[in-house]
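First chain written, first letter: the chains are A, B, C and D, and each begins at residue 1.
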Amino acid sequence: MGEIVSLEALAGAVRDGTKIAVPTDYSGVAMAATAAIIAAGPKNIHLVCVPASGMQADMLIGAGVVGTVETSAVTLGESGGAPRFMEAVRDGAVRIMDATCPAVHSGIIAAEKGVPFLPIRGIIGSDLLAARPDWKVIDNPFAPGDRIVVVPAIEPDVALFHAPVADRFGNVLIGRRRELASMAYAARRTFVTVERIVDHSLFTGEKDAAAVLPALYVDRIAVAERGAYPYALWDEYPVDGAEIARYAKMARTKEGFAAYMETFRPGKARAA
Amino acid sequence: MGEIVSLEALAGAVRDGTKIAVPTDYSGVAMAATAAIIAAGPKNIHLVCVPASGMQADMLIGAGVVGTVETSAVTLGESGGAPRFMEAVRDGAVRIMDATCPAVHSGIIAAEKGVPFLPIRGIIGSDLLAARPDWKVIDNPFAPGDRIVVVPAIEPDVALFHAPVADRFGNVLIGRRRELASMAYAARRTFVTVERIVDHSLFTGEKDAAAVLPALYVDRIAVAERGAYPYALWDEYPVDGAEIARYAKMARTKEGFAAYMETFRPGKARAA
Amino acid sequence: MNAPVLTREIMIHTIAVLLDGVRHVAVGASSPIPAAAAMLRRALNERQDRERVRISVLGSQEHNFFTNGGVELFDCAAQGRVDAFFLGGGQIDGQANINLVGSGEYPKSDVRWPGCFGSAFLYFVVPRVILFREEHSPRVFVDKVDFVSAPGTSEPGVYRPGGPHALLTGKALFSFDKTRRRFMLRSTHGGADAAEVRANTGFEYDLAPDVGPTPGPDAATLALLRGRVTDELAETYPHFAQELAAERKAA
Amino acid sequence: MNAPVLTREIMIHTIAVLLDGVRHVAVGASSPIPAAAAMLRRALNERQDRERVRISVLGSQEHNFFTNGGVELFDCAAQGRVDAFFLGGGQIDGQANINLVGSGEYPKSDVRWPGCFGSAFLYFVVPRVILFREEHSPRVFVDKVDFVSAPGTSEPGVYRPGGPHALLTGKALFSFDKTRRRFMLRSTHGGADAAEVRANTGFEYDLAPDVGPTPGPDAATLALLRGRVTDELAETYPHFAQELAAERKAA
């Protein structure tokens, strides 16, 4: 648990068909690991966005490693639509499992709690129900006639995210980004990239402990300085909106995307 | 939200029939508020122990303010059984809703998530199912024949606990005791006693924010120094096991209990 | 301060009026007009010594008091603690159904949009959902959406404390009648009149008896908007605040 | 160091053997013998350069790495991340049903105990549940419990990755056969032999072919137990560590 490895070793454990959960843009996106996964080139991965994604999903899809994308949205935010995602969905090059944010959270939390499903309000009357035959509508057992949606547990093979700090015991600082903890609880294995590893335990008091994901849930840790770039890492560095805009423009064509990816080495270059 | 009031004003809002949720012994037990509630003397309260209780439940029961106790256990730990609880259950003086810890958590979390129920593994084959007709067994909608228990949401009128610090904006430090947050999310109103109130915001960074229950969920705050005594308050003071043992001994009889309660004024005496 | 009232300022003020009485409003990270309106509502309430308004800006570090991760907004809304929220859509139809997924046949849409986000949930549980879309054109306001991300109304028996309260565009303000399942045009702005709105709307709707220009802010409210609210806005939406300032100068 | 091996030390060692292979064991706040056994297992694994053993002491601030509140133990166990746990009971019967609620008619029990705690869940999901009760008497080990807090076995089709692994008392060690739904006496200690165990047990059970004395620790293990493990124990269970030391002196 909490083994410290190279970025390549971490990324290499994402194999063909792996179901991999990633967090949303502001929550610690493992962009350096994303580049390393693309370099390793697994096929047909099932990407679960918790609950949405941006450049990370777009890149993985553009690089051809994704077979299925399960998400509430993929967008480059102020830079517009996610071009590789939009084209792949339009062309049927990836299977899309459209969702709505709280249903993704509920699926992850079902796995966290070891239950096969969770009920959730809303959704009834949405075309999502037809798009997601794996969701069902049942009678509330406590009020017959009250119809309610149930979504199955989402059990990722791997949860992957980026955080500021791990300690050498394998504990990871996640702050108030508790969806990262839920992803780790739900996943069979959890891979984390961090800005740095410290020698002292992150469990220094009850208050500090609140911000920690315990090593029990963490399998591999790799150092990747500025590993969320161009996304922000809270309390560390802001988003580089211009870089995302540059990506958005280049990725409009397959060729432009390829050219962008040629030089995309977040973390690595900076860690040298 | 987050209104700062006197201990008496806080306790006075617990009325006849109020459903009140309280945390377990090591999680911040509002003992000073308990004394104040007993002094106010509401009748027939429905006490939900999340998921178990000790001296707090025993005292409230002994003082005759409890109509129903919903709990996974009531015990004085190393000091033995909870005498007023045991006698009241034996005599039928209180209605007991026996539970198991994770089922209480699931009921609270169901309310937190605004769903009418949560599924939970285990329990099947336990006599708890007969004792709790409000729990049901259904077929897992995703695997017919797989029987699973569902428990209804627990929606307390009031969540009550003790914490080290609130800020003047109504935010409360709860550290890693996240069940306190769940109780507050689930409850219609949340009352918190604290050791002290500070002028600066507890939201000073992402790491510190992880330990905070936001004011949105907090209705009334009262200062009660050493307000968890004789229970521990993490990072503040340890449990006073001798005092609990003294209570355990005196509370064996109604008279002994009455004599103990005559002098039980935690927090108040110390705040003077 | 003496520039004429901009259309965007009318929209901000209109939303602030629609938010009258809310205590907690959530806005998306890239929704500066709703955010400005929420800030104006907060400032107005403070000036009038009324209830405090809390604003959650999703995805913001600064203006976000949630501490339980991404799920907290949805849980908070399900608890009834979010009074108002904003939804848009690539398509919105006359029954207030919204489409955030794509136009054409699903899933291989002609034009694919990002996805439903939280709409299929929040539209059901937030009491006052304000539909907001600046572009007012027949391609947005269609007779029937190609994909229902979230329905405008629900059958009896479906748990639905929330739903559409109003629709605001760059040209018009509509109210929504849940029983009749229809919008009603209340007023127009941005240089449009009722005829232009009719020409640019692909669905049927009712007309209020007194359709006129959407009222703008009074002088004191405008001063608040151009002063304190613009300053607050600049912290989170610096680009938008600059745009507004430039528009005022040019006007 | 030369005191004869105490019964409690045999029990601690026995549990440590039962814990062979676990990676995460949870123990109750007032369970010093199981905690000592878990600490011994951890120390043994370290000496043998084997897998690391994590110990969660429930309710402890110091020896508790959980950060998601009281629910985390149960979620963690449901995820399959708790390999071993300990349960006791006011009554335990021959089918490994346990009763933590009370004796006599429910709910107005003759003797009321604290309640089920997490037993009705953890007994189902923790693979290696060790039943532990020092008192070995017919009032504890009954033919049929008056209230099933948690059943020893489940019908086919009931989700049940976990269940009873062994029963350790102050007099005996039993294994449990889930298919036969019966205990089997493996060995005795604390001055008891098979006949005394028989006389003090209210339920039927099988006999292992070779019932003999429960093996105690070898010299190196005993040294580890009396040294490092007792020191570790003293941090969380100072009273129990003192008791053990006093017993050793008196022996």
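What we mean here is this: a contact is a pair of C-beta atoms (placed from the backbone, for glycine too) under 8 Å apart; a residue touches a chain by one contact, two chains touch by 3 or more.
The model shown is predicted, which means the values in this text are computed figures rather than measured ones.
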Starting at chain A, fewest touch steps before arriving at chain D: 1
Of B-C and B-D, whichever chain pair has more C-beta contact pairs: B-D
Chain centre separation (chain A, chain B; CA means) in Å: 36
Chain B-chain C separation of Cα centroids, rounded to whole Å: 40
Whole-Å gap separating chain C and chain D, where each centre is the average of the chain's CA atoms: 60
CA centroid of chain B to CA centroid of chain D, Å: 29
Multi-chain contact residues (two or more partners), chain A: 113-115, 120-121, 146, 148, 176-178, 181, 206, 209-211, 234
Residues within chain D bordering two or more other chains: 61, 66-68, 74-75, 78, 125
Touch relationships between chains, expressed as pairs: A-B, A-C, A-D, B-C, B-D
Residues of chain B touching chain D in the complex: 23-27, 50-52, 71-75, 77-78, 81-82, 85-86, 89-92, 96, 98-103, 105, 109, 120-128, 131, 145-148, 176-182, 234
Contacting residues of chain A [partner chain D, same complex]: 1, 111-115, 171, 178, 181, 185-186, 203, 206, 209-217
Chain A-facing residues of chain B, complex: 106, 113-121, 136, 138, 140-143, 146, 148, 150, 152, 173-178, 205-211, 234-235
Interfacial residue positions of chain D with respect to chain A in the complex: 24, 52, 54, 61, 65-68, 74-81, 125
Residues of chain C that touch chain A when the two form their complex: 29-30, 59, 61, 66-71, 74-75, 78, 100-102, 106-125, 147-151, 154-155, 157-159
